[in-house]
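In what comes next, subunit A is part of two complexes: it sits with subunit B in the first one and with subunit C in the second one.
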Partner chain A sequence: MRQIVRIASWIYAVTVYGFIFLPVIVLVLFSLQATSFPIPPFTGPSLRWYDAVLSDTRLTSALVNSLIVAILSSAAAVTLGFLSAWGFARFTLPSSALLRGLITLPLTVSYLIIGMGLLVLFNWAGLPKSLLAAGIGHVVINLPLCFAIIYSQMGDHQINIERAARDLGAPEWKVLLLITVPVMAPAIFASFFLSMTFSWDEFVISFLLTRFDTTLPVEIWNLLRSGLNPKTNAVGSLVFAVSIVLVVLFELTLLRRKPA
Partner chain B sequence: MSASLVDISSVSHRFGQHPVLKDVSLKIEPGSYTILLGPSGSGKTTLLSILGGFVTPSEGKVFIRGEDCTAVPPAKRPTTTVFQDYALFPHMSVGANVGFGLRMQGVDAATRAARAREALALVGLATAFDKKPHQLSGGQRQRVALARALVIEPAVLLLDEPLGALDLKLRRQMQDELKAIQKRVGTAFIHVTHDQEEAMALADHCVVMNDGRIEDEGPPERVYARPATRFSATFMGESTILSGTVTEAKNETVTVATPPGAISLPGTSPVGAKIALAIRPEHLVLGATGGTIALGTATVSDVVFQGSFKRVLAASTQDPALQFIVKAPAAATVQPGDTIAVSCNAGDIILLTD
Partner chain C sequence: MSTVNNSGRALPWALVTPALGWTLLFFVLPFIAMGFSSLTAHEGGGFTFANYSQFFTDPSYWRAMVNSLQVTAIVTVVSVLLAYPFAWILAEQVPERWQRLALMVAVLPFWTSYVVRSYSWLLVLAQNGVINRTLTGLGLTAEPLQLANTRFATVTGFVHFFVMLLTLTIFANLKQLSPSYRKAAADLGAGPVRTFLHVVLPLTLPGIMVGAFLTFVLCIGDYITPQILGGNNELLMPQLVMMQIGRRGDFPLASALSIILMAVVTVAYLACARWLKIERA
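And then the complex of A and B:
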């Protein structure tokens, strides 16, 4: 009987992990296909499709665009998120709980709705479809996340550290720059890497808000319209690899605790 | 302006509707070691925060070196604080922590390092310069916090329960060092604590606070021997309290009717006044051959041997609600259940207006 339970739980585990990871494994496996169709039988391994991706200037420039948008929008989201978290943690604001709720509300709104809203707004404001517009969109979706992470890590024990700095003659901006930011560095870097991950993978907002220069997910979608081939698998695998690196960086910075 | 270093003038403070300080006035002399002693909620920490500039009082003024500092922010006033949790900067080395105040004053790196090393040597931590705060023990962090606050040569050093987080042995050791360091640097220290032993050991000037008011202030010897109020008689050391009514007052002598009987002692008070008499444990005598004033008999309820003396608790036969706290000689042969005479000398009774 116990033997059966053991076997059943193993089968269950393999099924669950298979369900989650099989698509990714298939994607990566057939990116190494030597022939022109990403269907069995497997004919590789070969790096010819990676070579094709890296020599395709549309894909490589989209990759660079994606990186620039991810880095700059994440930097903006982290800066704004940090400042608002600091404001909420250190000052008594009128109806603070309501305002905190409002700032994290975009987390629950669909990217499609946010993208459409921004499209209408930018149209009205005269800001053309561009990487800048998509970057602003990414700040909108990532700011609540950065705020939530940094705010959760801003404990009361840091209040006295900031007070001590003020007491020793530090003006407010030096307190922030020399004390609060370094002390909060793990949360700041973690939220930076997490928002980079989200920006890097984001499709709907970029699709709606960019036109000529666009980001990698949009370019992959363009590629998919002409049918499946191992090149799409290769570029998808690259996107996946970068995401993995960012998530690992996020985990490492947030979870690694220095003894206080 | 008076010559006092710090002059707190009629300060009151409320948190919302709740008054935490009620019309407090206090003067601090240069080079003195002042202890603010009181139970939690007495307002002592709020008073320290007002001195440090972290709280602006609802009413009243604070003068430091004759200047009105009531609303001056912490960065711009000549005080520094040693926080209860030390509040060291965890990402900086010990040397950078100590040099931080000088860095904010624009002192160059070489001078800063030299002065930080001097300050660390002063607190006995010369070797810790390159360490990180988390590599130090609690007592060592305490010293770093002290060095960091002293290095910018404040007019007043504020200490918020600085020994509260240390174990008893370390606390007594740091207590002696604090006193020695204060004498060496000559800076006025203002130190908040709820530990009356700490207060008696350290203070030049002891301020007893309760419920937002100053109950008593003066040299600790005076506060202990002649407390001004019933609260300070029981908070600064223990006392047996006899409640009574004045029945006769003439020639600087009052006669008070108390549960164990009438007691005559030097003092002045109107006839009919409700007063309290406090007697320190070491002034009560057990047994027939005792002091000049008999306090009736009492039944011993508890005897605790404390090495050099025995602490005896006894309930009065005349009024069971009256509890005598007696410090008896270690050799005394008293046991729980004994009924024994209690007496004292008139000069040792402290007259308190109730």
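And then the complex of A and C:
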């Protein structure tokens, strides 16, 4: 009986892994295609489509745009999230639960609707579509995340260290910069990298709020109009590689906290 | 959590005001703007309920909501049914020290770009894609099957994403379960099957429902997967919303449709919250 469960488990697990990896393997494999269609039979390996991607200035500038938007919007989201988390964790504020609920509220609304709302607002205010507009949207989706992560990590033992610093005469800003930020560094880095991956991958808000200069997911979307194309495979594989690097950084920052 | 109260009132407010202000300005205010917009006429801009009544009277709009709800329901059920045994195998059958790696590998494709992931499924499902070439190559089908641009393709793309997501949440749930429950069940004479059905499954059910609800919310609001994989053969709600903006620049109608979509999600949330007694942490 136990043996049957084991064998069945193996078969099931391998099947699910196969289902999960099938599209990624096909994507990466046919990015190395030598001919013009990313469909069987495989004619590679060839790096010509990676060449095509790296010499396409629209794609490379979209990649740079994506990185800039991801870094700046994540930095803004983490800063706002950290300051508010500190405020709510350390001080008694009236209707604190309600205000914390307000900050985390955007988590429950789909990106499409957040983007639509900003589009209508900016349209009324006469603000043009731009990377800045998309970046504002990315802060909206990432701020609740950063706040929630950092707020949940602010424990009592950290309060005692801060209290000790205050007793020894440190002013509030020194406590913040020299005590709280270093102590909270793992949570701050984790939320920063998580925000980066979300911003890096975000499509619909950027699609609605940018026009000429745009982010990489939107530019990839534009590529899709030309149908199946190994160039799209190559871009996709590169994006995958960047995301993996971000995830590994995220894992490392989380692991750094473990031994404590 | 203990708090300090010895500072003046100004500092704490200075800390929380930027985040609150941002949320009010770029989340709450856009929402109000969308509400106003949905009540104005596209031509002329006067006050009207026409955008809402159009949804309820035009069958093609109504159809998009029905499609969305059907697809979302199918995706949620299929994803849970596929993910639960998988999470169970990872938590129970895989040796402890390999579990973290097994889980990380399972969610690796999760981190590709969302647009790219849908496109990858197109490569697999296309007329001359991997599946059809394999089937015709093996002589199993004479003609390639119509897999892309169908509801099947949309559901497959969604299920792929949500199996990964649900595996994470269900795995966490199974691991949190204290082993003493299972020991107690075994001591009282229950076999592994009875222990699973009467102890493990009921105890993980709330976690499954939370995951299923998350699936519902993310699935019903997604534009990319149905647009890339389903095409325009049948429209889902997010496609209908984007169509109003893209082709006609009809912000009021798009706003009204967005608000209707959000209302459906909110109703689902309230129904779930009451039924499951989900408390906000």
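Here, the second predicted complex is superposed on the first by the 254 of 260 C-alpha atoms of A that agree within 3 Å, B and C clash if a C-alpha of one lies under 4 Å from a C-alpha of the other, contacts with A are read in each partner's own complex, and residues count from 1 in each chain.
We take it that contacts are C-beta pairs under 8 Å (C-beta built on N, C-alpha and C of every residue); 3 or more make two chains touch, one makes a residue touch a chain.
Source: prediction; values computed, not measured.
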{"item": "First, second, both or neither for A:Ile113, with subunit B first and subunit C second", "value": "second"}
{"item": "Subunit B versus subunit C as contact partner of A:Leu47, first or second or both or neither", "value": "neither"}
{"item": "Touching partner for A:Val139 - first (subunit B), second (subunit C), both, neither", "value": "second"}
{"item": "Touched partner set for A:Leu177, first subunit B, second subunit C, both or neither", "value": "neither"}
{"item": "Which superposed partner A:Asp201 touches (first subunit B, second subunit C, both, neither)", "value": "second"}
{"item": "First, second, both or neither for A:Asp167, with subunit B first and subunit C second", "value": "first"}
{"item": "Touched partner set for A:Ala185, first subunit B, second subunit C, both or neither", "value": "first"}
{"item": "Subunit B versus subunit C, judged by how many residues of subunit A each one touches", "value": "C"}
{"item": "Contacts of A:Ile7 with subunit B and subunit C, given as first, second, both or neither", "value": "neither"}
{"item": "Touching both subunit B and subunit C, residues of subunit A", "value": "163"}
{"item": "Parts of subunit A lying in touch with subunit B, wherever the complex brings them together", "value": "157, 160-161, 163-171, 174, 179, 182-183, 185, 258-260"}
{"item": "Residue numbers on subunit A that touch subunit C, as the complex places them", "value": "5-6, 9, 12-13, 16-17, 19-24, 26-27, 30, 37-41, 80-81, 83-84, 86-93, 99, 101-103, 105-106, 108-114, 116-121, 123-124, 136-137, 139-140, 143, 147, 154-156, 159, 163, 172, 197, 200-201, 203-204, 208, 216-217, 220-221, 224, 228, 232-233, 235-236, 239-240, 243-244, 246-247, 251"}
{"item": "List of subunit B residues in touch with subunit A within their complex", "value": "52-54, 73-76, 79-81, 83, 85, 87-91, 100-101, 104-105, 134, 148-149, 152"}
{"item": "Sites on subunit C touched by subunit A in the complex", "value": "1-5, 7, 11-16, 18-20, 22-24, 26-31, 33-34, 37, 82, 85-86, 89-90, 93, 104-106, 108-109, 111-117, 119-124, 126, 128-130, 133-134, 137, 160, 163-164, 217-218, 220-224, 228, 238, 241-242, 245, 251, 254-255, 258, 261-262, 265, 269, 280"}
